[in-house]
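Dumping the structure here so I can ask a few things about it.
In this document, chain identifiers A, B, C and D correspond to the written order of the chains, with residue numbering beginning at 1 in each.
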Amino acid sequence: MKTHSEKITVRYAETDQMGIVHHSNYPVWFEVARTGFIKALGMSYSEVEAKGLLFPLSELYVKYHTGALYEDELVITVQIEKLTGARMVFSYQVFRDRDNALIATGSTTHAFTDPNIRVMNIMKTHKEIYDMFYVAWKE
Amino acid sequence: MKTHSEKITVRYAETDQMGIVHHSNYPVWFEVARTGFIKALGMSYSEVEAKGLLFPLSELYVKYHTGALYEDELVITVQIEKLTGARMVFSYQVFRDRDNALIATGSTTHAFTDPNIRVMNIMKTHKEIYDMFYVAWKE
Amino acid sequence: MKTHSEKITVRYAETDQMGIVHHSNYPVWFEVARTGFIKALGMSYSEVEAKGLLFPLSELYVKYHTGALYEDELVITVQIEKLTGARMVFSYQVFRDRDNALIATGSTTHAFTDPNIRVMNIMKTHKEIYDMFYVAWKE
Amino acid sequence: MKTHSEKITVRYAETDQMGIVHHSNYPVWFEVARTGFIKALGMSYSEVEAKGLLFPLSELYVKYHTGALYEDELVITVQIEKLTGARMVFSYQVFRDRDNALIATGSTTHAFTDPNIRVMNIMKTHKEIYDMFYVAWKE
């Protein structure tokens, strides 16, 4: 199973008045890791969209282990958890870079759809993209 | 079990290039409903924080049924799902106002902590707030 | 000169660790007021976009008078400041509802473009929209 | 005059349904460059805040030259434009990395305040921070 990591630095705008990162930023970071992963597989998500394929979320789960702070350097790691012709599940881990503390984990489930958000089976419509993900999942 | 609803209109800034609302906005809307709920129970979340009590998220779950669009009027409904002295679970439903279509559902789990994000048992430290939530949960 | 107002409540997610609203939210609120204004003139911005017309920003200016706080109820007021066939300037005032304190002022300049973000002269391409704005500006 | 640059990749969540980056993200990127700059001068903004000094914005200006797209790699450059004991102005340029196209320019004006957002003269209260900025401005 292939793994990909992206490094980010917590932005001031991502904090809230509790003094930690607002929880709504984690799905944005997951997306940074996920699209970096897809790019590393050889096709940017922009190219995927240009082929008439979208990956809207059908489910999101986040488990917050400890708060991230402004200026923390974080490593977001992503893998493919499950793949069918109709949908795909990614799982994520967020680590603090300086001490490798686990900050959060989570997963996102995506439907495969056309630009009008109608579900498709990509084993039929985009076999080369299915294969690209299959290899990343099983290898 | 008490239920509270807040109405919002989708903002342009909440859309993404897929032409639907970016999924990271749903936890923000859940929060709008949740803090409106707490206020309706008789104590604003600002007052809760002033009493040295915070509710950071420990878990977030969202299920996206269909995409919300710019200018859609949405109703976000919230209830207490579970309550102990150490944590609380809220559940949410997002409806499109004009046809009552279900857009999304979800839940958030919150720890009860002090301003340094240390876990507390509010049955001991903030009994009046525990009771306020208990009544809203059980009634 | 027509004026339009929208009322919003500050969201927790809009605060930062300074304990006040992060400055990047004001352009989002300006947009809430602006698109509410356009709708009140008789055409939603969704309908404007459906006619092949976009209003991307060419300039943004914000003056922050005092910080807005979580749960503050704010009134955002908007007017058309200037209109030509190629661009339009809106000006804004943000007031705290409970005491009418002025929180911020600002302006946004918009180009009129097609969906490929190419500049157009709407006196030629969308005369009815130009007229709608002209009346709101001059009346 | 010292200059500092930070490189970012446009996030999917930063786009809107116009297919370009939503204009409210530019002040967030300016902040990324600005806090990177302060850190490069030898003191992180977290350390500045720990010394009881905040820099809330009093003014923001952005000029949008052309739209930035999802996955664009951008370089944000920042300099100190003006410094007094009571306030500071930073100016910014946003370039697209692959062709050096100018995407946007702008400036932010900051008051020097204590944690209660009361204005201070840092020539008196935080001379070492004033000197740090003065050198970056004049050198």
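In this section, contacts are C-beta pairs under 8 Å (C-beta built on N, C-alpha and C of every residue); 3 or more make two chains touch, one makes a residue touch a chain.
Because the structure is predicted, anything quoted here is derived from the model rather than measured.
**Student:** Among the chains here, which has the CA centroid at the largest distance from chain B's centroid?
**Tutor:** Between chain B and every other chain, the largest centroid distance is to D.
**Student:** Same residues or different residues: which describes how chain C and chain D meet, taking over half shared numbers as same?
**Tutor:** same
**Student:** When the centre of a chain is set as the mean of its C-alpha atoms, what distance in Å lies between chain C and chain D?
**Tutor:** Between these chains, centre-to-centre, one finds 24 Å.
**Student:** Using mean CA coordinates as chain centres, what's the chain A-chain C distance in Å?
**Tutor:** For chain A versus chain C, the centre distance works out to 33 Å.
**Student:** How many angstrom lie between the centres of chain B and chain C, each centre taken as the mean Cα position?
**Tutor:** Chain B and chain C have C-alpha centres separated by 28 Å.
**Student:** At least two partner chains per residue is the criterion; list those residues in chain A.
**Tutor:** 12-13, 17-18, 20, 24, 27-28, 31, 70
**Student:** Which bits of chain D are touching chain C when the two form their complex?
**Tutor:** 17-18, 20, 23-28, 31, 49, 54, 56-64, 66-67, 115, 117
**Student:** Could you list, by residue number, the parts of chain A that touch chain C in their complex?
**Tutor:** 12-13, 15-20, 22, 24, 70
**Student:** Touching residues of chain D toward chain A in the complex: what are they?
**Tutor:** Checking each residue of chain D against chain A gives 9, 11-13, 28, 31-32, 35, 39, 44-46, 69-71.
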